[in-house]
Structures are given as C-alpha cells and as structure tokens.
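Chain naming follows the written order as A, B, C, D, E, F, G and H, and within any one chain the residues start at number 1.
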C-alpha cells in the first residue's frame, strides 16, 4: 500500500475510504452526533424507522446535511415478515437498496436468529436489496448467507451493547481465515478503540459502532479515537504484525554491548 | 481536551506531544528506521552503546539528523556496577542525563532484576541522572523506585520481544490506579497496535516499542499504525469509554419501532 | 446435597451417577480404553459405525463387557439424509434409541451445520429417537432443537480435537443461564481437567470427552483425572463458589494481629 | 505413577500425601472448619497469632484434634522486624520451625513487599526456621529467596481474596519452567476448583486456599471439591495432557465411516 | 371505522391509506407505510382500501444503530 | 451385476441384500445396512432386491467420539 | 506504671513480663510474648523487666489463611 | 603490555587510556571509556594509566531498544 494505490473499501459497488461506520442512536444531542460523525470520518451511518408521531425530524435533516451514506436497519424485528416489510419501507423512505438486516432471536441477548436471518436474506436478495446481515461468528450460517445472495457480512464481536470486545477471538479469526474474499464488517459488542483495532488487525474490513461512541463521556473525541484505531488496525493488518512468541528476545543486540560475556 | 489546551507529556521537565517512543534496533535498514521514526511521529528514540569497532556510524548520524531526543539504555547489563558504568558512558557520549535503566535478572526471560534495579536507580539518581527504570508491574518495586528518586517509570506489559500484549491486565490496571500521578510509560511485550491502544486506554502515559515495529513486514507503515493507535488510546482514556457490561442492550431504541409490542 | 439425596443425572429417563461420558476412539489399545473407562467411572460411552471389513471386533466385545451404556454417534455425516440413515443403522445395531447427532458443516473446523442439525433432529425425534445433538453455543439454535423434541443438548466448548478449553465463556454462561432447566452436556474442545471443572462450575450437567483422554500420555490416569475434575466442578456448582472480586481482601483477620495499628 | 510408588510431597523433610493446604479463617463456625479440613483431606493447615483476650480457644483445640500439621503465618506484618518477631512467637507457641512468611507491601492490594520478604527470609533461615515465603511470580525474587535458604516457595496466583484465578498464566508457567526442581505451592487468588486444577496441571506442587473454601455457600462440600480438583490436576500433570491446537481434528476416525467420500 | 394505527387503537373515516395520511396531516413523501404487516408502496396508497380492524404502520426516519 | 459396496466397486451375484450378506460371510445380526442412502432394516433384507449400480452400506460397530 | 499492652494503654504493677502474665491470669504456656517489638522467649520472661512506656505483645493462636 | 580491550586480549604499548585511543585511531569525542568496570571520563583519560591485565571498554553509539 503506497500513496499511489489508496486502500479503499467497496460495498455493493460503492467505494468508501473510511472503514468506520457509525450508528446514530443514543447521542446526548443531534449536534454531538453530527460532530461525532465528522470527527470519526464516517462515510456511512446507520438509521432506523420509527412510528410517525413519536419524535422530531431534526435528526434526519442533520444526517442528510452530513453527506454520509445511510444504511437503514431492521432493528427490533423479531420475525422474517417484520424484517422484510421493514426493509421495504426503509428502501422507499431512504431511497437506497442497502439494508442492515437484523432478525433478533432473543430479547435478552439480542442475538441474531440465524434461521430467520437466512430466510429473510434470501427473500430480500431476490427482491433486489443489497443486504448487510447482522450475524454471529458461525461459519455455516455465513455460507448460507452468501448462498442467499449477500455480498457483505456483519458478524458480531459480542452481544449488542455489552462493549466487552471480542468474545470468541478463535471463532472470529477462523471465520476470517475461511472466507478470505468476503467483505466482513464487525458489528456489535466493541467497547474501546483497542477492540476495533484488534478486529481490523485480524483482517476484518470495517467496523460498525454505536453505543461505544454515543455513550462515551465525550462522544466526539471517542469517535475520533475509534477512527484512528480503525485506521491503525487496518495499517497493521497490511503491514504484517510480528507473531506473538513464548520466549523473550532482546530488542537491543547483545553481542557488542559493553561488559558482555557469554552467559 | 480541545485545540486550546493541547495534551502534552512532560518527562523530567521536557515536553513532548507524541506518546510513542521508538527503539532503533533491528530495522531492515537505517533508511527504514529513519522513515519509521518519522511515520510514527516519535520525538524520543532509544539508543545503546556498543564496543568500538563492531559497526559503522551511519546509524548515529541518521538519528542526529532526525532531530529526535535520545534516551540511551543500559541494555545487556546484568549487574548494578555494569549498569552504573554504562549509564555514565552514555551520559558523556550522548550528552543527556536521561538513562533507560535496565538491569536484567534472567537471560531467558530478560526480566528486570528488581533488586539490582532499585539499587542502581538510587545510585544514578544521586549522581544527577534522570532515570527511566525498566521494571515489572510490581507496585512495591515501583514505590521503591520513586523513593530512589525516579520521576518516570517504565513497567513492562510482557517479557521483551514476546509481542504477546498485556500479560497481566489486572496488575497493570492496579498499578495505574495506585499511582495516578506518576508518569508511566509501558515498555516491552507489545506486539500490535491494539495492545498499545489498550494500555493507553488504561491511562498509561506513553508507550515504548521496538521489535513490534522493526520486525513487522513493513516497519514504516507499522510505525504509523502504532502512532495512530497510541493517539486513539489516549483520546479514549480522556473521553471516558463505556464500561463493559454483562447484559446486551439495544443500540436502536425499541420503543417506537414498527411492529413493536412488548415482549 | 448430602448422603441421603445423591446427585443423579437423568437422560431421557435413564439415571446415571457419573457425569463424565467418554468417547472410545484413538486409544493406544483396547485394553487401555477399557481401563480408562473404568478409571474415569464413565457409565456412558460413545460409539460409531464403520464399514464392515475395515477392522476387528475386539473393541465391541470389550465395550459390551464394560457394562457401560452406549451412545452411538453420526460422526462424519455431512448431510441430513446421511445422518438420518446412520441413526437408523445405529439404532438397529446397538439396540438403543439414543443417538448423538452430528451434522458437520465444515471439513476444517468440524463445526456443526446448525441448519442440517435442526432438520435432522426434527426427523429423528419424530421417529422415536432420543437425540443428543452436538451443537454450538447459539441460544436460538438451542431453542429450535428443543422445539424439535430434543430433551438433551450437547453444546461445544471449542472445535473438536482442539483441546483449547472454553472458547467463549460468555456465550456458554449465557446459554446456561437462559436454559436453566435443560440437561446440557458439554461436548468437544476440552483439553484438560481444569476445563472440565470450569464448565461443570458454570452449571453444565455433564461432560463428554475423547481426544483429551485417549491421546494423553497416560490415558488411564487422565481418565481418572477428568473423573475427579468433573466431580469437583459439580460439587463446586452446588456449593456456590465465591464471586471473583477486583479488590484484594485479607484471609487472616487483621484486627487483633500483633503489631497492628490502623494503616 | 502406579500403586507401588505413591505420589508424595516432601516439605522440609516432612512427607504428606495431600496437596491441598487449607487456611483456617473465616469459616461460619469451628465445626464447619473441622469438617472442611476433613472433607478436603488437608494434612496441613495455616494458623495465625492474635492478641490475647480478643477471642476464644475453641478454634485451637479443634485444630489440635484434627491431627493436621500447622503452618503458622505472619499475616498482617508490614515490616521485616514485625515479621521476624511474629515468626519467633509462632515457633514457640506452635512448636514448629515452619513459618509462612508474609510481608505485606500495600494495604490495598495486599501484595508481598518483595524486598522485605527476602530480608526477613534471610534472617529467619539463618535462625533455623523453615520458611514458606508468600511471594509473587517474579523469578528474580524467587532466586533470591532460594539463595536466602528457602526450600519451598509460595507464589501467588492473584491478589489475596480476589478469587479470580491465575492472573498471569504466562508468568506462572515461566516460573515453573525455570525452577523445575523447587517445591512451589500456589497461594492466594484462587476462587474455584478449576483454578486449582489449572495450576496443578502447570506442575505446581500444591495449593493453599482459604477464602474460596471458607466463604463458599457450603464450605465442607467446597473443600471436598478442591481436594478432588487438586488431585485431578496433579494426575493430569503426571499423565501429560494433550497440547491445545489451532486446528480441529475429528475424534472419530473418518476413514471407514458410512457414506464417506473424500471431501 | 376502527383501525390499529402504529400499535394503538384509532378511529378514522379514511377509506384508503392515502386518505388516512391526509387525515393525519403527514406529508406523503416523508413516511413509509404497511398494512396488516405487508408493505404498502407509495404509489399504491390511493388504491389501498382500509377496513375495520386493519393494522396500519406509518413510519419515518429515526436514529439507529 | 456391479454394485458399489461400502464405497468400492463390487461384483456380485446376489439378488437381494440378504444374499449379499451371506455371500460376504457376514453374520446378519452383527451389521446394519443401507441401500442407496436409505436404511434397510434387518427384517426387510430378504425382500430388498439389488440392482446394477446400487450403493450398499454394510456397517458394524466402531470406536467413536 | 503505664505500658502499652496489645496496642492499648494499660496500668500495671508488674515489674517483669512473667509478673504481667500472672496479673493477666494467662497460662504461661498458652501465649507467646514480645517487648518493644522483640521476641521475649518463654524462659526469659521472669528475667525480662518492664519499664514505663514499654510496648508488650501477648499473643495466642488464631485462625489464619 | 597485555590488556583486555572490549572483551578481547590486546597487545599495546600505550601507557595511558588517551594513548590507547590514539593508537586505535579513535576520535576521542566519538567514544566513551571505562577501565576495570569503572567509568573513565573524557577529561581523565590522559591521566588514566594502563597496567598489564587491565580491562578496557571503548564504546560508541549503537541502535538500541
């Protein structure tokens, strides 16, 4: 990677430079949201649908003004039909074929219902949607989503909102290794920039965050921190980090140091 | 933290902006070293002493040209007297009172000999040196080093050159919590930018690296990656990250989403 | 739990005392297998099917002689129909409705194909089998297996044969917490007795092992070690272990010790 | 290890079979303590000194009756002279040269003051004590304690009373590997039987516990659980556990299974 | 006529989805709609009749994660 | 007639599954069988004809994990 | 004479450590003793004088970890 | 005279540390020195005599971690 070949991310034919995607919920104010998006350098933000009459429109004007591409989600959907209908409403309203597909299987863990997810993905892909499925780190599910027509996957790092970072590093590394060509964005469970850097170092293509930024003490500074960490992780992946090793090794060469005699 | 009050680090009265310190050993070439220092934004680099006649002078000219402050080390020293004499030679040669004090207690693990370290620190502080002791995460040792006159500490994250990242997060967090006012630079054991971000998030003041950059596939890009990660971790520390939690929580508000009925 | 109410495990109406189930493959000799089963106290062993003509019958005579209940598996099956037919052959041959259902989705990771698994479980439960499905730690999949008629689940700790211990402790704890009434046996991925004790401490009902015993230096002693560890973990679960805490606390009461003055 | 050569532990010339040592503090009642010692099979228990007039003598009668060997400690001592005087008083009162030497360096973390520890050990060894020093996982400190005359070491797993299990597995494994001949008993920080099994699997010679047993819901059952886990870990160490591996591997041989064709 | 609008009972005189939006005073390009769990595209609203007991969703953009 | 027996080509004169087992010298209670991927229960073997190209599995107990 | 006994101010007429133990009613074999931070062995107690301000520790067995 | 220079046996005619550096052709500002494990500061080199068996270190800058 040098200056002449910038490192870009292509999602369903759309090219972006930033590998940080941001959710738009839970910020202390619309202004902080706008500034966080700018500070993080995010070019894509997620949005949702609400029942008319339950809030204002300031948020939406502000997102439009930001120039960011929107990725609508189907948050809160607990069945295939709810998710499919929500996707259609989102496509019409936001004028984009992109949909972050969530089919939630458990109200406590908010984990994906992988059966409903695959079925909804199959329906939506067939209807021309460009689906970003929020899924687990299960390789078999990933393969079925690809078979269904998905060209991007969004595996979780840990349950939504826990902020605990990668729950199963082995599984996430294994998924990356088995699907080296697929664009995969880690979604959910990251709490700190080091977590985001870690998954980027593993070779994931991008990171989607919401709570970790929006609920930080200073969301704007935290967005910037995550933006830097994602870039750091990406660079490190391309620059090939050293392997961890069990034995210590001196960084300063020992031969030639004063007083040195073989131990 | 805003533009008007830049976040600076003060080490024995000297002020720097960058919180990444770099070692200068093991690079594929002097040119790559120079470019890595620039790419990482390091303002301080560590250097060492070798017996005359065992190498060229290109390296030293290059470090001088870089404008970075030098922090000589006592690498390879296995006794108090070796370390003290080496420190004196370094002070004369590099014209700086700064010394990164290493007293190695075990040739396999390269871990600090904390007894020799405290004794050498006492001698050198009394002789006007400004000592940066390479130490473990032991709080009692840290307190003795402070009593000896050290105003900066350099605890390890893991044994030198292992690149495994923080070996004992509990101990490192505890050390930071117990000595909130002391400037502490994490030295040794970090392998990837996510590791550097992690210790900065814990509140450590800076990071010193060598192997992880010099032995990366692309040391220049990796230096930049670490520079970004250190900045990310610092920002996140100041911006107060969310706490990890055991329970999942939706990022998109559920009330008001279409089809929602109470579970 | 006291002597008058022994702690028993009920699997599809059959009662056993030992919570260690053993696989029968990979032992250095049939004799060592027999001695390992005895040393571990296992009352249930897994068996498989092979094509006639590819081996001897010593093994099977020996298992019969051991008096252990057999749990046939569908190892190696990569489709629903293979698994179903294999289950039928096993039922006839081993004269038991029990079947450890494996439907493998990936030849590298040997992870369960959760879609095939649920479908095969539904068919087999309907045909009167008592199914022990080898599954992941996915709660949604677990619920579908229960809906299919399974009354026992066998979630993995990590991929088969890795011996790395619990890969995702959060997920495994969460699964246990969400399905407190379901009999769950941890199968696959455990390497050492401490791993077995750990999952029993979490509240899992039993452990099934093969490689960790059969490939140990001394399989007979290792079987005994796992038998003790499983019992230890079970006892600890019932005896309610202390919570891990962040702060140190003296075990010896400080008030009243000689020389004590308030710090 | 077979029946003809029982696996014994020798501590300063005294031979025991059980590798579980128990502390005697914090139990709900003296009776529970006595039953816990019996259930755990402990042959050695730790005791302390208190100022006369601050409690009854029931405890001491009970310990005497148990037949267990006593290992007095210097808990609460914060200086070399306090520890040395306490050791002398203990020797006279308990009529044993054994002393578990604690010199605490920090009232919050209760971590050993390794400087005071080494100095006190040197004094006490010279005065004929048989010292069991409570220390960290620092190899250099361990070597100094051996130089001082200690023939048993008691490294911690984590700070006293935290119950979090091994805080730095790398350091503990490394310490064991570097001092293969030294008798080492892991003391402090263990919370669950799986933790005890883990350190025994690493090759540590024994385990000393207090809080994890005394404060469990059922201390008697928990003592038994730890006794089993220690034995399990010891057996596993001698039986040579499999190595954890990154790749999955089938436990049931695949060649010869029905329907098998090469993938 | 009594329908369920966005999860709540609602009395309306509107005979079509389009009429309902007008009654609600909602700009038709600002919302998306579904009737009885099925998407009702914007061009079809005028031709979408409402019946007693229908469940109607009328949604607009919201913050999301 | 050429069948596939346990994954390998096999020439046989047996016209039924039961006859095949006899030809193989396999005690009928010691094995279980499947033809073309479907279970063939013990009582049905005599009534299970074999045709050219059939895939037959004849299995017995093995060690398993 | 005022000493510090087990960390607390204590008025005593005892002139030796042995006398103090007797005054306290403590069986001499049940305790161990130190004066001013130094161990006072059992056989030396009778020969150990007490002075005003001395810090005396008298200890017995306790539960410990 | 035989000394140990930087860890290796070395024959020299130099009677002082300064003379040794000159004999080695080493610019005096480019190196630091120690004799028998003790630092020999630059201004003291001319006054530092060498004796048979002395261990001399002459060092210059090197890469370090």
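Assume contacts are C-beta pairs under 8 Å (C-beta built on N, C-alpha and C of every residue); 3 or more make two chains touch, one makes a residue touch a chain.
Computed from a prediction, not measured in an experiment: that's the story for all the values here.
**Q** Starting from the defined contact criterion, work out which chains touch chain E and chain F both, please.
**A** For chain E paired with chain F, there are no chains in contact with each.
**Q** Taking each chain's centre as the mean of its Cα atoms, which chain lies farthest from chain A?
**A** G
**Q** Find the chain most remote from chain B, comparing centres computed as mean CA coordinates.
**A** Of all chains, F has its centre farthest from that of chain B.
**Q** Would you mind telling me which chain pair, D-G or D-F, is linked by more contacting C-beta pairs?
**A** D-G
**Q** Could you put a whole-Å number on the gap between the CA centroids of chain B and chain G?
**A** 53
**Q** Chain A to chain E: how many Å between their CA centres?
**A** 33
**Q** Per the centroid of Cα atoms for each chain, what is the distance between chain C and chain G, given in Å?
**A** Each chain's C-alpha centroid was found; their separation is 61 Å.
**Q** Got the chain F residues that touch at least 2 other chains?
**A** 6-7, 34, 37, 57, 59, 62-65
**Q** Quick check: what residues of chain D touch more than one other chain, meaning two or more?
**A** If we look for residues of chain D contacting two or more partner chains, we find 23, 25-26, 48-51, 54-55, 73, 75, 82, 85, 89, 108-109, 111, 159-160, 164, 170, 210-211, 246, 250-253, 256-260.
**Q** Output every touching chain pair, sorted by label.
**A** A-B, A-C, A-E, A-H, B-D, B-E, B-H, C-D, C-F, C-G, D-F, D-G
**Q** Under the stated contact criterion, what part of chain A meets chain B in this complex?
**A** Answer in residue numbers: 1, 23, 25-26, 48-51, 54-55, 73, 75-78, 82, 85-86, 89, 107-111, 159-165, 188, 191-195, 197-198, 201, 210-212, 214-219, 221-222, 224-229, 231-233, 235-236, 238-260, 263.
**Q** Provide the residue numbers of chain B that touch chain D in the complex, in ascending order.
**A** 105-106, 108-109, 111-115, 118, 136, 138-141, 143-144, 158-159, 164, 167-168, 170-171, 174, 178
**Q** Which of the residues in chain D come into contact with chain F in the complex?
**A** Contact set of chain D toward chain F: 250-253, 256-261.
**Q** Which part of chain H faces chain B closely enough to touch in the complex?
**A** Contacts found on chain H: 6-7, 24, 26, 30-34, 37-39, 41-42, 57-65.
**Q** Which residues of chain D touch chain G once you look at their complex with the stated criterion?
**A** Residue list for chain D touching chain G: 23-27, 33, 46-55, 57, 59-60, 63, 72-73, 75, 81-82, 84-85, 88-90, 92-94, 160, 210-211.
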